[in-house]
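The chains carry the letters A, B and C, assigned in the order they are written, with residues numbered from 1 in each.
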Amino acid sequence: MLDNLNLLVIAPFLNVQLLLDGLFIGAIFALAAYGLALVWGVMNVKNLCQGEFVIMGGYFAWYIGDMGIHPMFAMPVAIVGMFAFGWATYKIMIARVVEKDMFTSLLATFGLAIVIQQGLNLAFGPEVQVADSGFPTRSFDLLGGSITVAEIKFYSFLICCFLATAVVAFMKLSRMGQAIRATAQDVRAAKVMGIDTEQVFAFTYALNAAICAAAGVLISMIWVIQPFYGITHSIRSFVIVTAAGFGNLAGVIMAALGLGVAEQYGGFVFGAEMQQVTVVGMLLLVLIWRQVQMSRYRQAVQ
Amino acid sequence: MTSVTEEKDREVATTAEPTARRVFTFNDYMMFGAILLFGILGPILFPNYTFQIAVLWLMVLFAQTWDVMGGQMGYNSLGNIFFFGAGMYICAVTQIGLFTDVGAYTSPSDPGTFNFTPDQYYIGVAVGLVFAAIGSALLAAVLGWIVFGLRGPYFAIGTLGIALAAGELIGAWEWVGAGSGFPIPVYPGSGDGKSLFYYALCFGAAIATFLFLKWLYSTRFGLAINAIRDDEEKAEAMGIHTMRHKTAAWMISAFFLGISGGLFGNMTGFIEPLEVAFPVATFGIFMVAMALLGGKGTIWGPVLGAILFHILKEATWIYFLGWQWVALGVIIIINIVFFQQGIVGWLQERYPHWFGIEVEARSPGAKEAAE
Amino acid sequence: MSNLIEVRNVSKAFGGVVANDSISIDVPEGQITGLIGPNGSGKTTLFNSIVGYHPIDSGSIRFKGEEISNYKVQQIARLGMLRTFQQTRIYANMNCIDNMLISVPHRNATFFDMFKPYPHELYDKAESLLEFVGLYTKRKLPSGDLSFGQQKLLEFAMALMNEPEVLLLDEPTAGINPTLINGLIDRLKRANTEFGITLFVIEHNMRVIMNMADTIYCLAHGELLASGKPADIQNDQRVIDAYLGAH
């Protein structure tokens, strides 16, 4: 461990490598976290199958790639498919837990997470998969070392930016987006104003699933997917939203990029098998930090 | 007129309720008798299922200990499985460490090469279980200090995080066999002897848990944690030592969970972090589902829920083989979404008088009497 | 006659809203002190500051001479200062008797007291206090099934069960049937005289507070507007203006 730390000091280019990788992956985390912030803020549902939605999106890409089509083409399919899946999930299940206490939604979505994990496991097997984008990896020299960047990571970053902008524009400009924001402010008032909040909830949940799916497609190309990897993605989203608060897009992006970088460093310093621990460690750190913060006001974190 | 009825009421009350809250009612004795009967006859009538029935008792223990926090105190933990795993590792390490070098015994190259004499085995198990119980309880005290400032979903996620982190950390710890795990000392006797031995211990642990909790809920402690569940801020404003109660409640859960972990590790014979010791998505979520299925916040709910859930689970294995985990997940969702109050909760709503709960009398006199 | 509570120059702001601006108040032992003021004038905020619900920005709060502004809610409650809530709070899933039992004082509770049973006397005491507030016949009902007014009475009885030295009541008569208010005034006074509990009462009902209090403080816009005997307050032009201006 100390050796690795030392390595970072004597070979500064490694820092650049870790930073870059962290930012690339963090941008994707931001997408899923934004989706969570959306359902949390609008309908007060703590969606614990966030990561499973991501992984499902990833399997779209892998499956299409497996058929010999470029996995990038899975993007629209995954978005539409998962939007429909999210809508159906809302109608069948989430609609019945929205009004109940928060633990119910948490637990119900955890149950759904298990179903999805096991379903994916049955359908695709437990192997770790990558959707091969076929793009080359480039390297360039900087700070006395060679830094490698897979082109797909760069494209994925651009797509993230594009998707984020599109979602934000949708929220600002479209009627549905405005209705969603009004509902997030105050459900009762929105109802009084004639907004069909049921529709808004369903749309929000479906939109979240679609955003996650897009994130998943990218993850499957620049990283790996596996039926049981979803929970870590869920935890990541929770870390980010807890750190940033759910009304705060800039905060979500910063926290996501920060988490991406922290994970890369954690994996490098403590060893690759500790990367998951880093995520959960970050979760506990954020929760402790929030408690310290709130205890200044003599309040609990709720 | 009002005062006369009140006088009468009072007399009735003082005669009908002589002492502090009673620990056992008639219904309790009936239920308890049935369970005792099944517990003793079970392995005799179905000798091939001894292991399964032993696991059933552990499930009962799981649901009961989860309910201390989730049902009675309103702190829904998703990470109680942590104490199960912690107990399992503490017990195993104690069993080995008492007589030989743990690092060598667990080393992946040639694990489990030490031969334990029967005496060593039984002493190891006894001391190991004690350490598992106490160690888990102490861990609960330490962790409580970290997570008890969290409420609702944050507490649930925080505890989930602890259980996940534990699995990963143990998986990276060479001294306890890391991710590949290690075998537990072998029982010095026949396979049947082993199943019966551990069956008795599991059954005993479940019964002990039940009796302890039954007593616990009859003391001030029971009311205090109910108060914390109903309104923690009010409880604080009334001066209740909330932190003390919360910590004690979690330590009690952890104590019994630690024992169950030690037992389960010995029953399976081989432990490793992700599937056996810290199975967050199976046992970890089962405890919650079972308590909810039976009715959380009640004394019999978790027991009934665990039994029913275990039967359902075995049924899915028989009828949905291959799809069993999906089916189980669906059952959990249906339970949570459509049948939240659970069996006993539902009965309480329908027949409150069975549970000694009084409801508003609809007679016209009742209103006046209040005034 | 000494002051049980001494509030000195206490200020509390929420973001830009100054809810309390340099408030100084004395609550003398054994008396009934009133606190009035239009809606949003900062009365509840002052209560919250005194019982340690939130930290104050500046000033000092003393209870029996002891500085308590850094203490937490539970510590202060155990010192013998209790409050009831404007939005009544009871343990809704427990019956009235249990609500009363759990409200016993925790001042000297040791670790092992947690695991003791309740003795007979406490049941008797709980029942007699429920009788005192007129809830005896409801004692076995889940308290969540009670009406709002009854819950208010139950909360009052719970506070008495705790044997506080001083009780801060936030609008005790709000939501109580007008015909019962006289009875409630009577009970509050008896709590003061018979049980020797010092009272500090927020009240909007002028008849009630004028009838009950020995001294009255009036807040407006977070500032202390006036204080004095009920008769003086009643005729104080600033108080009248504040109330009329608020409407």
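Before moving on, here are some points about what is shown:
Everything below uses one rule, namely that a contact is a pair of C-beta atoms (placed from the backbone, for glycine too) under 8 Å apart; a residue touches a chain by one contact, two chains touch by 3 or more.
Please read all numbers here as calculations on a predicted model, not as lab measurements.
Ranked by how close its C-alpha mean sits to the mean of all protein C-alpha atoms, the top chain is B.
Using the average of C-alpha coordinates as each chain's centre, C ends up farthest from chain A. Centre-to-centre spacing of chain A and chain B amounts to 33 Å, using the average Cα coordinate of each chain. Taking each chain's centre as the mean of its C-alpha atoms, chain A lies 48 Å from chain C.
The geometric centre of chain B is 41 Å away from that of chain C, both derived from CA atoms. Among the residues of chain B, none is found touching two or more other chains.
Shown for chain C are the residues in touch with two or more other chains, namely 53, 72-73. On the side of chain C, the complex with chain B involves touching residues 51, 53, 72-74, 77-78, 82-83, 85, 89-95, 98, 101-103, 105-107, 109, 111, 113-120, 123, 127, 131, 134-138, 140-142, 145, 150, 158, 162, 180. Partner chain A is touched in their complex by these residues of chain B: 76, 78, 146-147, 149-154, 156-158, 160-162, 164-165, 168-169, 171-172, 179, 232, 280-281, 285, 288-289, 292, 322-323, 325-326, 328-330, 332-333, 336-338, 340.
Those residues of chain A that touch chain B in the shared complex are 46, 93, 96-97, 100-104, 106-108, 110-115, 117-119, 121-122, 228, 231, 235, 238, 242, 271, 273-274, 276-277, 280-281, 283-284, 287-288, 290-291, 294-295, 300-302. Considering their complex, residues 296-299 of chain A touch chain C. Those residues of chain C that touch chain A in the shared complex are 52-55, 72-73.
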